[in-house]
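First chain written, first letter: the chains are A, B, C and D, and each begins at residue 1.
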Amino acid sequence: MTLPVLSLMLVTLLGGTLLTFASRDRARYVALATSVAFLLEVSALLASYTVWPGPVNGSPGYADLESYSWIHLSWLSINYTVGVDGISLILILLTAFLQVATVVYSWEESKHPEAYHGLVLLTCLGCFGVFIALDVLLFFLFWEIVLVPMFFLIGVWGGPRRRYAALKFFVYTHVASIVMLVGLLALVFYSGAKSFDFASVYVAARGLSATVQTFLFLALFFGFGVKFPIVPFHTWLPDAHVEAPTGGSVLLAGLLLKLGGYGLIRWAVEVLPVGMAHLTPLLYVVAFAMIVWGSFVALAQRDLKRLVAYSSINHMGIVLLAIAVYSQLGLLAAVLLMFAHGVVSALLFMASGSVHHTFGTRDISKLGGIARTAPILATMVMVGSLASLGLPALISFPAEFTALLATWDRIGYWVLVPLVILVVTAAFYLWMMQRMLFGPARNVPATAHDLPWYETSAMAILLALIVIYGILPGFLVNVIVNSPVYGFPGFP
Amino acid sequence: MAVSFVLVGLLGDRLKKLEHGGWVAVGFAGAAMVVAVLVVAAEMLHPSHYSDQSFTWLQLPGSPGAFPNGFSLVIGVLVDPISALMLLVVTVVGFLVMLYSIGYMHADRGLPRYYAELSLFLTAMTGLVVSDNLLEFFLFWELVGVCSYFLIGFYYEKPSAASAAKEAFLVTRVGDVLFLLGIFIYFTIDATAGGGLGWAASGFKFVNGSTPFLAGAMGGSSTLQTVAGLMMLAGAAGKSAQFPLHTWLPDAMEGPTTVSALIHAATMVAAGVYLLVVASLFLGFTPDDRLAIVAVGGFTTFFAATMAVVHPDIKRVIAYSTISQLGYMVLAVGAGFAMVGMYHLFTHAFFKALLFLAAGSVIHAVGTQDLFKMGGLRRPMRVTAAAFAIGALSLSGIPPFAGFFSKDDVLSSVYTAAQSHPAYWPFLILAYATVFLTAYYIFRAFFLAFSGDKTRDPTLPHPHEAPWVMRLPLYILSGLAIVAGVFPFVPSFASLLSIGANGNVPPVFGTTDLILSALSVGLGAAGILLAQALWGNGRVYVLAPESALQPVRTILLNRYYMKAGYDELGLRLVYGGSRIADFFERYVIDGTIRGIERLAARLSGTLRQGQTGLVSDYASYVVAGVVGLLILLLFVAPFVLASVGGP
Amino acid sequence: MTELSVASLLFLSATLLAIGLFGILTRRNFILLLIAVEIGMNAAILNFVYFAGFSGTSHGLSGQAIAVVLVGLAATEVAVGLAIVLALNRQRGSINIGDATTLKL
Amino acid sequence: MILEELAFLALAAIAVGTALLALLSRELVHTILWVSVFFVALAGLYFLLSAPFLGVLQLGVYAGAVTILLLFGVMVTRKRIFAREVATGIGPVPLGLAVLAIIVLSVVAASLPQPATPVRSYDVAQLSATLFGVDGAWLIVLGLVMLSALSGAIYLVREGRE
């Protein structure tokens, strides 16, 4: 008998979260222990995961599958079904790393540390749940769980306009969630699936007509898309990032945006290929809009966090583009890019947070010469920026390269749009570095110092990931192509 | 064998990052040089030998267009005649520059950073040279770019240095993304057109065993292929500072002079030409591509030389001369004689490094870069003056210096090509005109700096000769600048230059060639004489204020306003556009959201009037709802269902 | 035994319900409100009793059973309603629902 | 037959009339009297529909207990028991709604098919079996509801509450 690994991991996180909430001044130790334990479990899972188990009854098979009946009716069964494939594994790995990094970064959080760390863990728990859930109701449950701790993280520990930002975040994502839920339920009931299980929904959806698939895909695209966030429903993101505490920003950019991408791949692209094919032009338009818009607006920002937030929109646009091309290569690129963006944006947001509390402002035009005062911080900003603009040997490059190659392969010269925008992306990062890191020191308070040890360690973890996976992305790639999607006939 | 040595050298280069002194870096660079010499020797013993070792970096799934079965990307080391040649250039110049740095940089802060970045720079360039496929090439290409970004911005506290670094990165980035597109196109057309070759499965390597993978497979002249070639040209233009992406190079003088020497002679800008050579040998260009390359090279050659004529900054004069000389190389590649371009790159590396290091020695001694403040430096700095003179003579193409042989080959190869391609003629004429300009401007700089009795600006510190670590590279490079030209007459060395189509160097011997040579030497000599007449013996020629040439001078000094134009473009168009986008974002998109918010607030205010607290009012809402639902269910729903034919 | 037509009985119960509703919507006296509710309830009970006969054999009487329960519920409701009336009267000195718009005691 | 129909018509008329009178009367005590008549009329209807047990229940609970309860309510809350209510207007909206409800329900009623002849066998034993049966346990549920309602009512009227 095999161990219910995923459930055990879930229990680890759940127990850790509860313990963290309960333990008062030792919360950070509990949180760190939980995160490390979770990371070890993920590593063990990755080590044991060699190949996907093959299709089962015409639907994708998943590794470490567990299924227990939850609610059973004669016409519908709702199960607790969890399982992983290469795509979700990579994102789980990202979750584990970001969790450790966030907990370490927030080591000296002084405002209700037990609640802060507990909420951080709860967010990661929700994300983990989303990545493993293979049942509509379970998926939705975890999806909604993520919202709550993030709402409080922004609303309690955030900046001056935190209430506005938290509410905006909640309303946007919640409206999208509802549309998504309606889409998922419609998918189940229109397809005549007798169960909420992913496998049966997948099989049943094959029989849907093109029109129905198109409408369902549209609903799901909107539902998942707001998390992406697709233009023009993206304005919650900059506000949320600017107001959120650093840990919140890290999780928001690193994980929450990935939920949208993952959901789209798992529940829309895989399940409704025909509907997707009908909507491909729309996906391209939205992706290009995100790429162009994110980059151009980022160029005009003076707040470091806003700049990184808009660059996130740009990068997630490339993710969407890679999904839209609908090929094995594109899918690989999308997942790879999500991982890369998760790590890189986390690093950049941590660096922004450090800039803010070291120098008292995040306004790029007011800062200058950080490299002299805080060389480690400057290095972090620099590596993050260079990784973000796609420098080879850093993690984004293989992802962007494959994404753009896949795009070129499918839509030819349209690839010039993201390519040219790469220059603009480079421009705003270089401009930011020139103004903020280099030049004569400006507005450097006398108390300014380089990073404390915990922030250095947190960023060093991410830095190591960026470099290691940048030079050897093969590990990630080999895991991702272990997804059932890659074994399916008919997938281009 | 030799290959693994190179790798050890590369890895070693990285190790010294922890070291404080530059000697470790120098040691590793020296080791790399020794390895390179061994590699070259091996290549000379086995002519046309290709040795390729690679491992799979990524195994990628398919994409339905060109790669239905997936493909692999490899990282490998390819040692062939051209990479051996280039390796020699890179490591020799790199080693000498490092050695020179010990003396030149000794007073600077951040030396560990300096040597680490310099070593990484050399590593990246070495990796680029031995790349065995386009992707790996691009990878190191970008690393070279980012290292130059760091090094140009080495004095990051100077706003101008930070700005120049950014400009260098951005402008080359424009070329890079187009280069990337070119890679995509090559991948696609060769994976499909040359499908039988299995190029995609082999990891897109340049060579298959000991022959170029795509030799003969391309040959076509399809639009796609032309575009691919143009994209290569764009990439090379960005890196090698060809028109219209040349603006960053003069500004890159903000870095330490040693870095300038390295960038100009062996690493950054050479990479662009090297790319064109590699593409020309392994991938092939269409006739349209070649015309474009000739046009860019020929025009840049002349264009850059004109700007060098008036500039007062010694480093910038040499910088413009680099752009101009790179134009020659590009010209030769475009004319179909890739190895001639390579040959000029080879000699140019030595005499340009020599010029820069000599200029660095001058700057080190007097602490200024303004030619008009110098003067009379010949006497206190004999070695430097001699070195500069050798470099200048070589640059001017005066026999028997190295520059003569390679430049002469470039010109005669373009002449040869022009026989069958009349469209090349104007660029050949420009190239000849440039010979004259080159000799003039470099000797203008020489006379301004060294002739006369004393410095023109008396406040300058008393000049002194450089220490031995700086002199030694000057000696070596002087020697090389003199003798490098005769290397091709050594048969085994010539074999390095005789691969690919039109590989024979020099292309023609005979009366025509002699006439051409005489013409170029004559033009060079005329340039030197003019410079001597105007600037020799400490004279300063001042253009009359009312002269008709005054506006020309202004334009030249302002670099044809291209930099200003780009800045304006960037500021007005891109940044302006982004401001508009930001405005739109804040007030239209977010404004709409706020509008909806406000509307909802008002609506809820209105609806709140209904919340009277009177039970009967609530009851009436319930009743109204029930009645409405009943109407919907009983009358509307059947009607709708009947009309759509649903269940 | 002849049957009363469905239509006529339903018409009767609908009318009674409407009267009850009308009372609920217009009367402001709490006791009157209760009475109106009772009238409406009785209309519903009437329906249950009538249709109990149609529902087949074995469970033929469940309609009547529900009616019994409803009668009980209605009585309970009146009891609770009157308790509210008393409380309201004690606090506000009035049993007019217009004086109790905060919907709490 | 005719007799039964006539009886139905008469009882229906009484029910509707007393209901209207009860709601429109401006004297609260009169209202209660009218409504007790309404309850009795409905009890008659139950007898007519062969549900004598319910008829008795109706008489006992409604005509008896509820009426008395309502009277108590009036007596406790008023200083003068016979007092005229302030006239309340008949709003057009409630009236419209009521009429609309009648129309809609009548249309529905008219559109329903006449079902098969009903079984009108009366058996109080069967009814009690249903009421006490395990599958429904109606009476137990009702008892629990009443109990909780009673506690609620006591809570509402207890002393000392402000």
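Here is the rule we go by: a residue touches a chain if its C-beta (ideal position, glycine included) is under 8 Å from a C-beta of that chain, and two chains touch if they have at least 3 such contacts.
Keep in mind it's a predicted model, so treat the numbers as computed, not measured.
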Where chain C and chain D overlap in contact partners, by chain label: B
Chain connectivity with chain B absent, coordinates unchanged: A | C, D
Closest chain to the centre of mass proxy, which here is the mean CA position: A
B-D compared against B-C, more contacting pairs: B-C
Gap in Å, rounded to a whole number, between the CA centres of chain D and chain A: 62
Inter-centroid spacing, chain D versus chain B (mean Cα positions, whole Å): 96
Length of the line joining the C-alpha centres of chain A and chain C, rounded to whole Å: 57
Between chain C and chain B, distance of the C-alpha-averaged centres to the nearest whole Å: 90
Overlap residues in chain C, where contacts from two or more other chains coincide: 21, 25-28
Contacts with two or more other chains, residues of chain B listed in rising order: 616, 620, 623
Of all residues in chain D, the ones touching two or more other chains: 93-94, 97, 101, 108
Chains that touch, pairwise: A-B, B-C, B-D, C-D
Chain B contact footprint on chain A (complex, rising order): 232, 235, 293, 296-301, 325, 327-330, 332, 369, 371-372, 386, 391-393, 397-398, 401-402, 404-406, 408-410, 415-416, 419-420, 422-424, 426-427, 430-431, 433-434, 437-441, 473-474, 477-478, 481, 486, 492
Residue ranges of chain C touching chain B (in the complex, touch as defined): 21, 24-28, 33, 97-98, 100-103
Chain D residues within the chain C interface of the complex: 1, 4-5, 8, 12, 15-16, 19-20, 22-23, 28, 31-32, 35, 38-39, 42, 45-46, 48-51, 53-54, 57-58, 61-62, 65-66, 69-70, 72-74, 76-77, 85, 88-91, 93-95, 97-99, 101-102, 105-106, 108-110, 112, 114-121, 123, 126-127, 130-131, 136, 138-139, 141-142, 145-146, 149-150, 152-154, 156-157, 161-162
Contact set on chain B toward chain C in their complex: 612-616, 619-620, 623
Interface residues, chain C side, partner chain D - complex: 1-8, 10-12, 14-23, 25-29, 31-32, 34-36, 38-39, 42, 45-46, 49-50, 52-54, 57, 59-62, 64-69, 71-80, 82-87, 89, 91, 95, 105
